[in-house]
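Here come two complexes built around subunit A, the first alongside subunit B, the second alongside subunit C.
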Partner chain A sequence: MAIQSSIRANLYKDSVSLMRISQVTIARTGVQRVTLLMGTRSNKEFLQQAGLMSPALESAKPGDIMIVVADDAPDKIAAAEREIHSQIAGEEPKGGSTEAAAEAPPRSIAGGVAIADHADLALISVPGPYAAAEALKALRRGLNVLLFSDSVPIEQEVAIKRVAAQKGLLVMGPDCGTAIINGVPLGFANVVRRGAIGLVGASGTGLQEVMCQIHRHGHGISQAIGTGSHDVSSEVGGITMLQGLELLAADAQTKVVAIVSKPPAPDVQQRVIERARAIGKPVVICFLGGEPAASAGNVHRTSSLEETARQAVALAGARQPGSDEQSAEALATKVCGSLTPSQRYLRGLYSGGTFCSEAQTIWRAAGIRARSNAPLAGAERLADVEESRGHMAIDLGSDEFTVGRPHPMIDYGVRIERLLKEAGDPTVACIVLDVVLGYGSHPNPAEILAPAIRRAKAAARAQGRELAVICFVCGTDADPQPYETQKGMLADAGAEIVGSSTSAARASQAIASRMAADDSANGRRAMQGGER
Partner chain B sequence: MNAAPSALQNQTSVISLGASGLDRGVESSGAPLVRLQWQPVGDGSPEVAWSLAQLVGDACDADCLGSRIDRANAEVLERILTAQPVWVDVAAHAFEVWPDMGRTLLHAGPPIAWNEMCGPMKGAVVGAILYEKWATTQQEAEQLVAAGGIRFAPCHEFGAVGPMTGIISPSMPLFVVLNQTTGNRAYAPMMESGGAKTLRFGAFAPEVIEGLKLIENVLAPCLKAAVAGIDGGLPLKPLISQSLHMGDDVHNRNTAATLLLYRAVTESLLKSSISRDLVRETLRTIGADDMFFLSLSMAACKATMDAAHGVPFSSIVTAMARNGVNVGIRVSGLNGQWFVGPADIPVGLFLPGFSEADANPDIGDSAITETAGLGAFAMAAAPAMVQFVGGTPQDALRYSREMAHVTIGRNPGFTLPMLDFIGAPVGIDIRKVVDENMRPVINTATAHKEPGMGIIGAGVVQAPMKCFVDAVGALATAAAS
Partner chain C sequence: MTDQDRPQYQQLLARKVEVVNVGLEGFVKDLRDCGIDVVHVDWKPSAGGDPQMAALLAKLGV
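Here is the complex of A and B:
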């Protein structure tokens, strides 16, 4: 395949715009591959790894667009390049007229503050190397910050969080995917009712799942404060998590606080728990993947997202919510009857990192050792993410899958490809898929995913076996993509729909445990010389 | 840790920057939302972005670096706005101003060595040497320079400014402008008439040297007498203010200002004891050159900006000058340092028979006018100017509007009628230039790259971002130490 590389100098475009241009170009010209990336060091490394780097791109600066087009036909490459340049040009603001000048959107935080209606929060998703600088500028102007960007140097994270703490402002992030502040959804966020439960979380999808479940239990959220994934490290010291606790302690609307996080560094964990004990409100703490811990006083420890939501709702004064879904065992019974003995393994294909961790935690407790590209502490790291062997829990939202590509909550392409690949593996018993709804996510994921599930199941059937696909939907009836409709479309495609990430992990675990037991029973029978 | 509850008490009004789509929830919730058209700062380097962020002021933290810079800048702005440049004198010869200058030639822009000078500047150096009779031929002159017989220095470092090549030699007369507020003086050579054949464009033919002699022997004594006859000298700020209302930017269009000057000197000359022939020759020279006032405009701006220079911590540009190879800026809080970047070719119209291929990169000290908030910054006053860049009068307004994004204040002394008499933007802040990723615009004439070919066009040019990026880095280092 011929690869043609070029540079469009001195024009910054965000990755989403570039991907849109790539997609449109592929759609219009039929060219095989288009990669558009800003000329940063890490993007060059990515191209290197992908075998797409060329000497023509060496001189690209971070403010230049690198254009790589690949196809067998030179005329297709040329057509694609023309299309790319016209797309790039077409997006530039039309200059010349006064009106364009007068209404040109501001370029800087300072410019934005000047025209905004008392701005008090900056939502920052610029590339990581620039993000802390923008955050600091916002803080200096009295704005709280939600830093969606990742790859922010840790020393810059610490520096901005210290400035923020001194000024009584919040820095949610870096790498903070979601928050709800005063009822305003930020980043990837579901539409949930307002209520008495305040959330603080270092894990984005964990927060989303807990807030959706609380909503589905008929309760609501006062505030949901994201901290970003590095906040609970020793270097950062949980600055935002502790600030978040203080804010919720002081917030009159908040009656119950829930914390969802991966296990913090030991010193941070101790500080968070000490602080939680002192705030005078019930606090539910879920350090997912950590050691189980006993509840004491106002601090209630939980070990799954489902339990966290239930506990918070119970503490908020409601009766313990009941469950109407089939139990894990019942689902396993239903599914396992149609599986063949060779089908023993679980493949969790997650777009949410927290779900990937939760599944590993639940599976591990049942003795199932899964490999992962995002392993729990002490577990085996998957050497090659393309590998398919044994039990696996894959986080498709992690860096190795998302450089130069949209997040799997937005673009289901990579996940569907993987789903079909796993479906062809005769050792696979069950595939687990999360579907995250809400702002920022794909506008209609079931429309894409349901046909893929049908194809996956059909492919397995063609090879003489059934394939179990378990789905859970992280969303609410108020989301832009309606929850019940999405569930219905997936169920029609033959997926087993469960009500939570926790249920999905338990049900899949039950399937794996049964298949392993059957297998060893078969083995014993074989050794005993066949049927009695 | 002081966690104020402010985050949850305000209304939540959001500024969004970066990837699109993440603020859809904000939009749907009806909360106030402003989306930025974000670009990486300056040259796109994350290190510069981080340095710059350390220099942002904070209304709640008077001790942070940025707040100190803001206070210093307020002082600088005060000095700019209160300056009172007055034309008080003509120095008959530069060596009377700087008795120790010896065989020094001052030039436009940041420092530059002979072998790096562009064609027009080399030609002007030769011309000045011939004019000073330090040599009699071009070859001799070049040998003299090559042998190290001439010292070069930027005009700016001598309190002076020169248009185009900006060469000032010891025998040249100079306008003297006094800033009455602070007592500092600024100097500029007089505009030669003669179109292409002028030293400022690098010509050194015999008639060019004769022209310089005419200035020295006729124009200078006459104008010295004329200004002496104006009681207290000629205040330039009111004159400039008036000419802005008459369609000048006092950089690339000085038609009105030159007429106002003509009016001011005529009566004074006629009152003097100078012979009628000399008076006629002087008035003919002024009257024949629409750009004659530029020297006084530049000197007025220089007298203003020198008063604003040297305020510790200030991030305001006090000089922006081009030597035909590089553009250099000086910053009030960064004492004598020059921050340079490669000069661009101006974008605009070319006289018939010339093209961009003939053009020399941007040259001259005249960008001191933009530095002081005139020129392109006051382009809204001079809609005729945009014809050079094929624009509409609306574009003239746009330049003045845009430059407000990189400046810290407005000059109520220089108002722009077309923008409802708002003051012209003034005080270029290196932080804003880098943060907004917006380079200051300069109105300029375009010189031929060969010596002595003269003006071949006019248009606009932008100062290179590198100057501002480097200056931000230096200020961050200096302020932190």
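Here is the complex of A and C:
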């Protein structure tokens, strides 16, 4: 395959815009591969690893677009390059006229604040190496910050949070995927009704799942404060989580507080629990993957996202919704009858890191040892993320999959590729997929995922076996991508749809446990047969 | 504690949020669809794309 590389100098585009241009170019020209990346060092390393780096790209700067087009046919490559340049030109801001200049967007946060003089929050999603600098500029202008960017060094996070604390400002993030402030969804956020339950969490998808379940139980969210995944480390000290608790304590709308996080560092955990005890409102705490802990006083401890939502709803005054433990077993009974004895393993292909952790927690409690690129404490780390062996839970939103690419909640390409790969493995019993709806996510995930599920199941069937695919949809009926429609499309493709991330983990666990039990029973029968 | 003693971030919940968006342009449409006032900053890497220099300039308030 021929590869053509070039640079479009001095033009910045975010990764989502570049992905859109790539996809349109492939659709319009039929070219095999288009890769568009800004000329950062990490993106060059990515191209190197992918075998796509060339001398022509070495001089690219972070403010230049690197263009890589690959195909067997030179005329397709030429057509694709014309299409890319045409689209880039079409997206560039028009300059020249006085009218255009007057409408030109500001080039800096200072310029933005000059236009929006009542602004109180900066939503920052620039590449990680530049993110802390932009956050500092926003704090200097008196803005609270939601820092969506990830890959921000922890010493920079500590520095900006200390500046914020001195100024009495809030920094949600870095790596804060979601927040709801006074009913306004920020970042990746679902559309949920307003209500009495306030959330604070170091886990973006964990917050999204809990808020969606609360909505689906008929209750609502007052605020959701994202802290970013590193906030509860010893270095950062839970600065944002503690501020978030203060906010929710003072917020008249919030009657019940729920905290969702990976287990904080021990000193931070102690401070968070002490603060929770003192806020004068019921608090549900889910430190997912941590040691089970007893509830005491106003602090209620839970160990799954589903239980967290149910407990918060119950404390808000509603009858506690029922559990679907039975349906996990029922689903396993339905699925296992059509599997072959060689199919024993689970493959969780997650776009949400919290879902990946929750599955590992539930699987581990049942004796299922899964490897992961984001392992629980004490679990085995995958040496090579491309490897497929045994039980695996993969977080496709982690750095090794997202450098130079949009998040898998936006771009399903990598996940679909992996789904089809796992479907070809005769030892795989069940694949688990999360589908996250809401603002920021793919506008119609089921439209592209459903055909891929059909292909995966057909590929397994062509090799003489059935493949179970369990999906859960993190969303609501008010999201831009309607929840029921998305579920229906995935079910029509043959996926087993369950109501929550917790249910998906339990159902898949039930399948793996059943297959392992059948296997050992067959082994016993074979041995007994041999003895006769 | 009087209102004046409270940290400034407590006021974040006191009124409708107004946003300055820096980075992914897709967030602008989502926010406007929710009726939120938002100004988008046409961001490019500063300091010739050198992150360390950009951080230094930010510390200096540039």
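Points to keep in mind about this one:
Everything below uses one rule, namely that the second predicted complex is superposed on the first by the 524 of 532 C-alpha atoms of A that agree within 3 Å, B and C clash if a C-alpha of one lies under 4 Å from a C-alpha of the other, contacts with A are read in each partner's own complex, and residues count from 1 in each chain.
The rule is simple: a contact is a pair of C-beta atoms (placed from the backbone, for glycine too) under 8 Å apart; a residue touches a chain by one contact, two chains touch by 3 or more.
Here the structure is a predicted model, which means the values were calculated and not measured.
If you put the two complexes together on subunit A, you find that subunit B and subunit C bump into each other. In the superposed model, A:I239 lies in contact with subunit B only, and not with subunit C.
Shared-chain residue A:Q166: touches subunit B; no touch with subunit C. With both structures placed on the common chain, the touch criterion links A:G440 to subunit B and to subunit C. More residues of subunit A are touched by B (comparison of subunit B with subunit C). In the superposition on chain A, A:S203 makes contact with neither subunit B nor subunit C. In the superposition on chain A, contact of A:N373 is made with neither subunit B nor subunit C.
Legend: residue contacts after superposition of the two complexes on their common chain; A:H118 is shown touching both subunit B and subunit C. Look at A:S503: by the touch rule set out above, it reaches neither subunit B nor subunit C.
Across the two superposed structures, the residue set of subunit A contacted by subunit B and also by subunit C is 12, 14, 16-17, 61-63, 93, 104-109, 111-113, 115-116, 118-127, 129-130, 132-134, 136-138, 140, 142-144, 148-149, 156, 167-170, 181-182, 184-187, 223, 243, 246-247, 250-251, 439-440, 480. Across the interface of their complex, subunit C is touched by residues 12, 14, 16-17, 39-40, 61-63, 93, 104-109, 111-113, 115-116, 118-127, 129-130, 132-134, 136-138, 140, 142-144, 148-149, 156, 167-170, 181-182, 184-187, 223, 243, 246-247, 250-251, 439-440, 480 of subunit A. For subunit A in complex with subunit B, the residues that touch the partner chain are 12, 14-17, 61-63, 93, 96-98, 101-102, 104-113, 115-127, 129-134, 136-138, 140-144, 148-149, 156, 165-170, 181-189, 191, 223, 239, 242-243, 246-247, 250-251, 410, 438-440, 480.
The part of subunit B that touches subunit A in the complex is made up of residues 1-8, 10-26, 28-29, 31-32, 34-41, 43-46, 49-50, 52-54, 56-61, 64, 66, 391-392, 394-395, 397-398, 401-402, 405, 432, 435-438.
Every residue of subunit C that touches subunit A in the complex is listed here, in rising order: 6-13, 15-27, 30-31, 33-34, 36-46, 48-51, 54-55, 57-59, 61.
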